[in-house]
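In the two complexes that follow, chain A is the common piece, with chain B as its partner first and chain C second.
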Partner chain A sequence: MKPVWKRLYDWVDERVELGGLVEFLGKKYVPVHRHSIWYYFGGVSLFLFIIQVTTGILLLLYYKSGEELAFESVQFITSKVQFGWLIRSVHSWAANLFILAAFIHMFSVYFTRAYRKPREITWITGMLMFFLGLFFGFSGYLLPWNELAFFATKVGTDIAGAIPIIGKPVMIFLRGGEDVTGATLSRMFGFHIAILPGIFSVCLGIHLLLVQRQGMSEPEESGKDMKTMPFFPNFLLRDLLLWLLVMNVLAILAVIFPWELGHKADAFASAPAGIKPEWYFLFMFQMLKYIPAKILSIDGEVLGILVFSAAGLLWTLVPFWDRETKRGTRGRFLTYVGIAAVVCIISLTIVGWLS
Partner chain B sequence: MTSEVGPTGPKENRRDFLKYFLGGGVVAWLGAVLYPILAFLIPPKQGEVEVTSVKAGKLGEIEKESGTIVRFGNKPVILIRNSSGECVAFSATCTHLDCTVQYRKDLGVIWCACHNGRYDLKGQNISGPPPRPLDEYRVIIQGEDVLISKKV
Partner chain C sequence: MAVVRHRFLHFVLWVIVTSVSSLASLALAQDQCRTCHEGLGDTPSALFKKDIHAEMGLSCADCHGGNPKTEDMEEAMNKAAGYIGVPKGDGISEVCAKCHSSASIMVKKFNSVLPRNQAELLSASVHGKLSTTGREAIVPCTKCHGAHGIVTKTNPASPVNALNLPKTCAKCHSAAGYMRTYNPALPIDQLDKYRTSVHGKRNASGDIKAAECANCHGSHGILSAKDVRSSVYPTNIPATCAACHSNAEYMRGYGIPSDQLEKFTKSVHGISLLEKKDLGAPACNDCHGNHGATPPGVESISKVCGTCHALNADLFSKSPHKKAFDQRKLPECESCHGHHDILVATDELLGVSANAVCSWCHGKKPESKAYLAAKRMREAIDSLGNSERAATMLVQEAERMGTEIGEAKFKLREVRQARLESRTMVHSFDDEQLQEVVEKGFKSAAAISDGARLAMEDYHFRRRGLGVATLIITVLAVSLYIYIRRLERKQAKS
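And now, the complex of A and B:
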């Protein structure tokens, strides 16, 4: 008598022919070289995303949207529901770690030029997910309806409103009206739990499919005889080990530094001292501070937003204008641009944090 | 592709016609589906209750050198009583990016915590990012009552 799992496998195999898939996995190899470590950050981002979906669904069982309910329901989760404080804290911490992992993943792909042909679509879907991730952060931040989130949302949506021509309608669309109110909360809730996850999942599906289909990108300088390791089980096991590690770090952070809830938002209270955006928006925020109020009669802020949007767009489209890798030469220019961006982001974040 | 009468013959014309007809149909169909969705996304204008004046409190209860946020319709207004006992009121919405300002007794200014914007007690922007002064409101003292109303 065959063991149960074998019979189950045969039962499925008979119907959907798993043979091809198993053969594919068996033939899959991951290149081994001195930059291999960076291959793991995509997996870490994926793992954190899975955690977000799981904890997010759990929170959804108790969370109530609405001006009169949101703050109280989060309070209920953290004080009354068993392990509610843990689930919420993990959700908040994992969100931050996700953005961090995505940042690292993005820059490592950029510096190793892994976006070059034929992986342009993988890069673009990745960038889309990165922007969606930021929007996830922004929309989720408001959901507890506390003071900090209330003003952060006011400022954030007001900045969107400064974009020429489309700004005002975009602001009203985001706020669900002229001001940040319960209507904004409902919208952000909708974005956060339905619209963004929907779009994100499609991007993620394409992204992962392409990674599987095209295999890992190899560094440009690699020769023909590159060392490899089998994806299954060697790479996968390493991946899982790292996931376990990340999970432990996450648990430690969530337990030792439980996420604060703060005070309930009040439209008729002053903005509290020491208010700051989330760290991943800090560098943009700090940059805006250095731009003079008016440059050639253009609003400094508007100019800042336009510059950031243009930079983001150029960055997203880098596979299409990167001539150096197309010619097959290992260019320095883009590396310098990348280093400048990293230095800029890190130093502005630190300055913003300290000020 | 075989055409009996040549490239501009009736068959091609008929094909062109069908192409535009079907293409137009697809566009019209898309429009009919998308328009209601897009329109749905635009929040309807809510009739705001027009407030012309509110009672902010009793003069005797308002300390000198203090600032309080008063609800004016659905907008916050800051009422300030300066050291000589005079009352002034301004919109409490920062002209920079919409935060709500506060009175800082230690600095003697109206301060915005969001980006360290400062206004003097006449509502003029004196430092930081705010581009414009705060909108002024009128303060009327009626006996003991302090009333705030829109400037006309």
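And now, the complex of A and C:
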């Protein structure tokens, strides 16, 4: 007599031919080397994204969009709904940890040159997901319609409005009008729960499919005798172990430091002193402060935004212009650029946080 | 003999000629304008005889221009010679200002101590605004001072004399048709009201020290009461009134104290008005009236508090105290709260302690109904205050723990509201009515305290829950780790 799970597997296999997939997974190996640790951050990002989707759907059961309802509904979730406070706190903390994990994953891929041929599309979809993640954070931040979110959105969309030519239409598109109003809230809600998840899912599907299809990237210096471990079950179980640890950290953060709701947004109130964007935008915000008001008759803020946009584009397209890696030589230039970017981001974030 | 007679005739003729010519030259040395106009018997020249300007040696030509030395009318009133005739529009005030704004004329020539900025003040004042004709200012100098019979303001005949000024101002300000064209919202019964006031009555009886229009509003530089620089702007009114009322020397003989401003400044109303600049707080005129004896619609000053504190006044008028106060002719609010020195009303005023105002009348009979009622009312208010404090502390503690307590915090307002209502309800002096309001506050305070306690219990539940969840996850993680180790050892062996 076969066990129940075996019989269930056979039943499904008979209909959808799972055998091929299981065989594929059984033959899939993950390289083992001194940088293997970085492989896990993709999985951590995925785990946190799953948490986001799950908690986000639960929040949607009670959240009401609208100037007059949003704040009150979040207040209701955190004070009246059973475990509502936990779901909201986990959603907020997981969002931040997701961005952090995505940052680490992106830089690890960059430093190990894992974006090189044939993984250019994997890198591009990853970068797209990273930018979408930032926009997820920006749009979700406004949804509780509290004071800080209101003014942070105002500042954020103001910065977008400073881009030459397309800035103003972009700002009006993001705000749903000239100012941050209930229309902006509806718009951000739409982005956050429909548009962004839709695009993100497509990118994630391609990204994961390519990772499975092409396997993990091996380091440039690896030889033929590189150690490996089976993806299934070894790597997957290690992934699961890390997920459990992340879940533990998440639970501690969510309970010990519940995400505050603050005061309801008031368009007529003055902006709170020392208002800052979320930590992942802080380095850009801080950098814009250091740029002089005018550089060669160009507005400093505009120049800063253009430089950031150009840097983001170059970073995204790195697989196509990194000639050294293409040639098979290990160049130092990109490593230095990466180190400079990491140092710059960390130091400006710390300075911005403390100031 | 003929030669002698001939010489004598020559002498007589010479005497006649020189006498006539001397008389003629004497006549020409006088103001020819006045000579002719007085001869014609017109009013301006008749009035001018008593005019201060005539006394100071000014001629008609000093205002009207022309040549006063010639008896030839055409020559005297020749425009080419500077004759301007009757000044019109702003020309009137300009003519006055020619001397009155000039230090060299006023001080050096006439040794005058009159201020020389009158024209400047007038033009910046509400009267200096453009009139409905659009060509000149509303009020020229002559409108108040007259033209040809101007006398010093101490002269009882002067229209700007203290006793005449109310009427002078009322010429325009009581003219409905005229005032409508400039400020339809401005009442036109100020003079009538003024005459009902102590100031107006004293003024009518000839007391020049009693305040008239200019004492409060100023004279040349009158500004709208809405103008922050105006002497009758709410925050400036206490100082304006105090200019006389705080001057003990000036007020001597009137039998009223001169420390009102000092008291008012320290009072709850004074602090609100003068320190916090709260224009809703009462200034002197809000209780004592602007022009009349009391504010409009107020029967007597003892009832004035009710115009703002309407609920308290209403409750008082239905209370048993009303009759008792009326019988003893006691002022209503003032008896307990004072007048100029009203301090913030604390709960201390209520009850039977030494500081409580109830004790003044009811403190000597501890068995009396009123004594017991006052005691119970104070206990009820104190008890509600304690409940509010306890609920607030619980909410603060729950908030410090990081629990979501926004709703309970918001509900604290209900308790505060009940406490405020109870303080108002005290004026009914009805124990049962007060108890109803207090009970409402107790209920809210109890609900808030329960909510805060639940939130704190929830906080502890969360911590315990986290402990259990962390333990389970850790056990799972450790088990998984051991499983992986075993699996990999098994794989390595095989």
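Some observations on this one:
Here is the rule we use: the second predicted complex is superposed on the first by the 354 of 355 C-alpha atoms of A that agree within 3 Å, B and C clash if a C-alpha of one lies under 4 Å from a C-alpha of the other, contacts with A are read in each partner's own complex, and residues count from 1 in each chain.
Rule of thumb we're sticking to: a residue touches a chain if its C-beta (ideal position, glycine included) is under 8 Å from a C-beta of that chain, and two chains touch if they have at least 3 such contacts.
As the structure is a prediction and not an experimental result, all values here were calculated from the model.
Once the two complexes are overlaid on the shared chain, A:H207 sits clear of chain B and of chain C alike.
After overlaying the two complexes on the shared chain, residue contacts for A:I252 are found with chain C alone; chain B is out of touch. In the superposed model, A:H91 makes contact with neither chain B nor chain C. Once chain A of one complex is fitted onto chain A of the other, the partner contacts of A:R119 are absent, as it touches neither chain B nor chain C.
Once the two complexes are overlaid on chain A, none of the chain A residues touched by chain B in the first is touched by chain C in the second.
Listing the residues of chain B that touch chain A in their complex gives 41-43, 46, 69-71, 74, 76, 92, 94, 97-102, 112-115, 129, 131. Contact residues of chain A toward chain B in the complex are 151, 154-155, 158-159, 169, 172-173, 175-177, 179-180, 183, 267-275, 289, 293, 299.
Residues of chain A touching chain C in their complex: 75, 78-79, 85-86, 229-230, 233-234, 237-238, 240-241, 244-245, 247-248, 251-252, 255-258, 261. Those residues of chain C whose C-beta lies close enough to touch chain A in the complex are 402, 404-407, 462-463, 465-466, 469-470, 473-474, 476-477, 480-481, 483-484, 487-488, 491.
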